[in-house]
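Input: structures, listed below.
Presented sequentially are two complexes of chain A, the first with chain B as partner and the second with chain C.
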Partner chain A sequence: MPDPLLAIKDLNVAFDTERGQIRPVRDVSIDIYPGQIVALVGESGCGKSVTALSILRLIPQPPGKILSGSVSMEGRNLLELPEKEMRSVRGKDIAMIFQEPMTSLNPVYTIGDQITETVKLHQRVRNTEAVRIAEDALKDVGIADPRRRLNEYPHQMSGGMRQRVMIAMALSCQPKLLIADEPTTALDVTIQAQILELLRKLQREKGMSILLITHDLGVVAENADVVAVMYASRVVEFAGVEDLFDRPQHPYTEGLFRAVPKLGDLRSRLEQIPGTVPNPARFPGGCKFHPRCHRSRMLAQEARGEDAVEITSAGEKFRVLNRCVKEEPELREVEPAHWARCHQLPQYDRAPVTIPKLEHRREVNSQAVEEGDIEKIIKQEIHA
Partner chain B sequence: MPDAGTLSPKQPQTDPLVSSNDEQVEVHGPGKIAWKRFRRHRPGMIGLGILIILYAMAIFADFVAPYPYSDEERELNWAPPSSVRFSDANGSSFRPFIHPFRINIDENFNTVLEPDPSQRCYIRFLVEGEPYKLLGLIPMHTRLIGVDTVPSQQGGTRYFSRLYLMGADGGGRDIFSRICYGARVSMTIGLLGALLVLVIGLTIGGTSGYFGGWIDDVLQRLCEMVMLLPGFYLLLLLRFAFPASMDSVQVYFAVILILSLVGWAGFARVIRGMVLSIRKEDYVQAARAVGLSNGRIIARHILPNTMGYVVVATTLRIPGYILGESALSLLGLGIMEPTPSWGNMLNRAMDILELNQHPWVLWPGVFIFAAIMAFNLVGDGLRDAVDPRGLTK
Partner chain C sequence: MIDSVPTDSTPGSLAPAPADSLARDRPLVQVRDLKTHFPIKRGVFSKTVGYVKAVDGVSFDVQAGKTLGLVGESGCGKTTVGRTLLRLIPATSGSVHYRGSDFFAYNGQDLRRLRQKMQIIFQDPVSSLNPRMTIGNIIGEPLQVHGIAKGRAKQEMVASLLNRVGLDPAYAVRYPHEFSGGQRQRIGIARALSLSPDFIVCDEPVSALDVSIQSQILNLLDDLQKERSIAFLFIAHNLAVVEHFSDDVAVMYLGKIVEKAGSKELYSNPKHPYTMALLSAVPEPNPRPARHRIVLTGEVPSPSNPPTGCPFHPRCPLTRQAAKEGNAAESTEITTGGRRLRVLQKCVAEVPPLEQKQGEAGHVAACWVTK
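Let's turn to the complex of A and B:
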């Protein structure tokens, strides 16, 4: 197994707020291998973005602080680098694109100014050379007439164009890792598909790794090699993409899949996970998911009296398993190359606690999808 | 099993975003847009015109002024403004002229200045005058306006052919000439003072707002201390921090320093507030993510976004500094004689008796008024021009 490009190990991040400390990232360990697309999935506020920002040490300090853990890249722990060296990592080794292309470009400078600024910061090149690199970068992301676009201001471009510009800027210094923090959330569906296709294409061409943060399972299914599902600051499930979609282990992941609307489904109501995301200042005890967990509720119905307790969540009274309330589960390798954080899996008690590492690549050839074997896939779907 | 995403529609071959756009769209930067809108603001353009005239007057004072600023004619003290005529008892003329002054002794043995209507001194343009160096470089002796001279001794009476467009002061110096030279001090001191405030305010406000925490606390308390003192007392206090006797150049720079030390606090506070909101913008986060240093982020990505306010505020603040200089000079604490500034020229107008007898000493006040008015008009125009909510016509 080759060395990972980036290894996040036991990362813990805290924010001091007026109402006490909150812990948006707890014991998160994720490895990203060269050329891999790792998806980080979860609902708003689960700690995805803070994890990503912590890699680049971009969380505001204070109030934020990294309590413990390490983020190593090529033998260096990024969390311990002096600020000056960290600046040369940002943009050069690890680039990042953000959710909001409309506001991620500075309105007072032209596109060209902003790309060449990054280029000149990290590469010792002359002005004319920097402009050429910027032009090539725009061409790479499929912007027509890049020379003219360089002289345009962000307000002259649409959201999709701006996101392309952001990608061009991020890739202008050939980073080894691209962190894409919900790169398509602010865009409409057709543009989303184009941007993702572009990211996949560039990823293949340049052989870089991508940490893809999203809450869109469709995006995950189409792009990721490995998926980490986060809930309430913790990674609750970690597996290869096919494994996760075929055999989700954690009840939260199952719930997410059930909540995806399906074509041809005639039921009037979409299924949802009951309750709401817990407030990070007041996480429940035990398993953080137990107030919303259908698995625990089901099992509690059959359980003996002392094994289940009654709790109130979202104004509703029901019984869940005692163990879920009392004891926090660990992230265990419940199946080979599949980690989950749930007591109620039959294998849980025997499963080893290992650090999740997966040098897995997706089997579905995304090339085939792109080149239009859509009919074949639809047929397969129908047969299945 | 759930399968959310393998069913993706085939990507269209032509990408609507990438369609090439052949017609050339004129690219407008923020500055250009603001200028386009400012040009439609009539009072602002009038103000700009006045400012251009006043600055031209200051730069080309040697050329515009009929006499050097220290050119005295002591016998013509407090001479009234020359009345420029086109006709007199001897008929009319296309060329404007003035009557030369004649000194008489009245029945109380006081000297009396009176124009002699029997002689004419024609006003001429581009005449030979005292030599000077234009812009301090080009030696010249042509002046814009001058008058013909008449023989100074005629049968025991002394004649003076001097052009006093706005009268003369107690030393017989031409007030108009001195106003031209005084513009150099008064019009630049406000500008430089405002620029220095700009530098101090942007640095302190930017640092304070961007870094926050204890840096912000310390800098803000400092601002508050400066703002607590009433401006004029602070002005006087700072003036006494400098030695009383300095030459004109030293005083000039001292006054600039004093003005900016009084004015920076309020400005820095507003900048801090703006930086506090701008630093949360996504593009600042993005700038950090590409590895820019804090200093560069402040200078290149945050402060330029305050420029709209900065330009307007600076323009509207310049009048305050002009007045500050005038006030100091008026009290004799600013620019010293013989170097003229509009403020120290008004010094004599403080005496009500003198003002009564020679009302023309108020002329510098008119210029101060015009300059302040012009800066305010331009400032208002700029405010409308950079206001993003303004009508885009």
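Let's turn to the complex of A and C:
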């Protein structure tokens, strides 16, 4: 197995708030291999964005604090680098794009100024050369007439165009890793398809790795090689993309898959996960998912009296297994190359605690067509 | 059922007729050739230099107790349709009939009475609730304003509404910031229900919510529709959600409906190339995607300066295909987004009518190329 490009190990992050300390990232370990797309999935407040920002040491300190763990890239621990060296890592080795391109671009500078600034910061080039690099970067992301666009301001562009500019800027220094935090959430589906297609193409051509942060299971399924599912600050499941979708192990992952309406899934009742996404200031004890867990609830019905306990969640009283309330499960390798954090998996007690590492690549890449007989394609495939 | 909201004792003569007989007679809401144009003003004297045709001639029916889904991308005018038909934005022209009477002709008391029956649920559960009012007041205010209940009776109705949407009635004394996004959306739904409407515009009701919460809200809306036979105009950009939720679906592009059909028919037999592209662009939660992704070139043009002829022609793969295969005399070259393309002359010159296509009766699309 080759060495990972980036290895996050046992990362723990805390924030001091008025109501005491909260822990948005708990014991997170993720390896990203060269050329791999790793997806980090979860709902709001699960810690996926804080994990990403911690890699670049972009969380405000104070109130934030990295309690422990390491982020190694090419033999260096990024968490211990002097700030000056870290600055050369940001943008050059690791670049990041955000959900809302408008707030990430400076409204009073032209697109050209902003890209050339990045280029000149990391590469020793003359101004004319920097402009040429910027122009190429815009051309790479499919922007027509790049020379003219360089002189435009962000407000003159549409959302999809601004996201392309963000990507161009991120890629102008040829980073080894791109962190994409909800890169298409603010965009329409047809534009989302364009941007994802572009990211995949650039990733293939330049051999770059991508850490893709998203809540959209469709985006994950079609783009990721490896997936880490986060819930309540922890990684609750980690597997190759096919494995995860074929055989989800954690009840949260299972619930998410069933709750999302799919095309072709006609009007019937959706399954729902009861309760609300927990607030990091008030996580429940034991397994963080137990107040919403259908598995623990089902098993409690058949369990002996002392093995189950009654709890109240979202105004409802029901019984769950005692162990889920009392004891927090570990992330264990419950199947070969498949990690999950749930006591109630039959294999859990025998499964080893290993560091999640997967150099897996997805089996099928989705194919894009621009021209051709799209009518026929639609007929054959949409409801096949 | 634990519901004390009056339906038959509502003041006025708008007592709901049985849904079944009504559905056969006439649609609950009938929208005809609705236009909403916003003036573009420039200069010191705010001279009108043009119009943004946000909604440009939209017609549809919503049947009692049924759901019409309205899909399209941002800027296509779907939200403006919802607001214009409730008169939250003045219409430029066109008509809306509610139970056969002209909604735009009403004024004063009569309008107010009609408004009880037509409500809206907003996308953003944060900005649509007044942060300085308690939940009880937010839900109870419409009851008081419309003279339906006050004091004790109002409190009881608020409690039963909260109960119905899955919230503890004791929450009535709390403020919106104390709730999560999903709970706030439940409060918005309780407010919309308070006047026992039979028509609700749901404007992106779940797109601001977490995935695990979306299905809770969709199921709640579904239950309420069955219980109270409420008709929905369900506006959303998520095609899978719309398919799941709607009986009929209309697709909008640049202020116009470009395709409309029964939900199942539209999704299995799309006729407009824009619908096809939208459908193919939805990422499937399947790690071995079987279908091809149609990547549309270019972006949605500005509604202040829409393309001539068919508004979709600069992005349309079908017209390019047809131009390639057909007679050279019938095609023409256009430049769009820095690319030169050959398309059918007809698509550039004439606006295609929304007409019946091969398929189910009532399956209409506006396209020169498809049959």
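To be clear about the criterion, the second predicted complex is superposed on the first by the 360 of 384 C-alpha atoms of A that agree within 3 Å, B and C clash if a C-alpha of one lies under 4 Å from a C-alpha of the other, contacts with A are read in each partner's own complex, and residues count from 1 in each chain.
Here is the rule we go by: contacts are C-beta pairs under 8 Å (C-beta built on N, C-alpha and C of every residue); 3 or more make two chains touch, one makes a residue touch a chain.
Please read these numbers as outputs of a predicted model, since none were measured by experiment.
**Q** Look at A:Gly315 in the shared chain and tell me whether it touches chain B only, chain C only, both, or neither; answer first, second, both or neither.
**A** In the superposition, A:Gly315 touches chain C alone.
**Q** Check whether A:His122 is in contact with chain B, with chain C, with both or with neither, and answer first, second, both or neither.
**A** So A:His122 only meets chain B here.
**Q** For A:Ala193, using the defined touch cut-off, is the partner it touches chain B, chain C, both, or neither? Pick first, second, both or neither.
**A** The answer is both, since A:Ala193 touches chain B and chain C.
**Q** In the superposed arrangement, does A:Asp136 touch chain B (first), chain C (second), both or neither?
**A** Touch partners of A:Asp136: none, neither chain B nor chain C.
**Q** So, A:Arg87: does it touch chain B (first), chain C (second), both, or neither?
**A** first
**Q** Could you tell me if A:Glu222 is touching chain B, chain C, both of them or neither one (first, second, both, neither)?
**A** both
**Q** For A:Glu242 in the superposed arrangement: first (chain B), second (chain C), both or neither?
**A** Only chain C is touched by A:Glu242; chain B is not.
**Q** Given the touch rule stated above, what does A:Glu43 touch, chain B (first), chain C (second), both, or neither?
**A** second
**Q** Touching A:Thr276 in the superposition: chain B (first), chain C (second), both, neither?
**A** So A:Thr276 only meets chain C here.
**Q** Do any residues of chain A touch both chain B and chain C, and if so, which are they?
**A** After superposing on chain A, chain A residues 144-145, 158, 160-161, 190-191, 193-194, 197, 217-222, 245-246, 257, 260, 262-263, 364, 369-370, 372, 374, 377-378, 381 contact both chain B and chain C.
**Q** Where on chain A is chain B touching in the complex?
**A** 56, 58, 62, 87-92, 95-96, 98, 100, 103-110, 117-118, 121-122, 142-145, 151-153, 156, 158, 160-161, 164, 166, 169-170, 190-191, 193-194, 197, 217-222, 245-248, 257-258, 260, 262-263, 364, 369-370, 372, 374, 377-378, 381
**Q** Along chain A, where are the residues that touch chain C in the complex?
**A** Listed in rising order, the residues of chain A that touch chain C are 43-44, 144-145, 158-161, 188-194, 196-197, 215-222, 241-242, 244-246, 255-257, 259-267, 269-274, 276-277, 279, 292, 315, 362-364, 366-375, 377-379, 381-384.
**Q** Going by the contact rule at the top, pick out the chain B residues touching chain A in the complex.
**A** 1-11, 15-21, 25, 27-30, 213, 281-283, 285-293, 300-301, 304-305, 307
**Q** In their shared complex, at which residues does chain C touch chain A?
**A** Checking each residue of chain C against chain A gives 73-74, 166-168, 180-183, 210-216, 218-219, 222, 237, 239-241, 243-247, 263-264, 267-270, 273, 276-297, 299-300, 317-318, 320-321, 337-339, 370.
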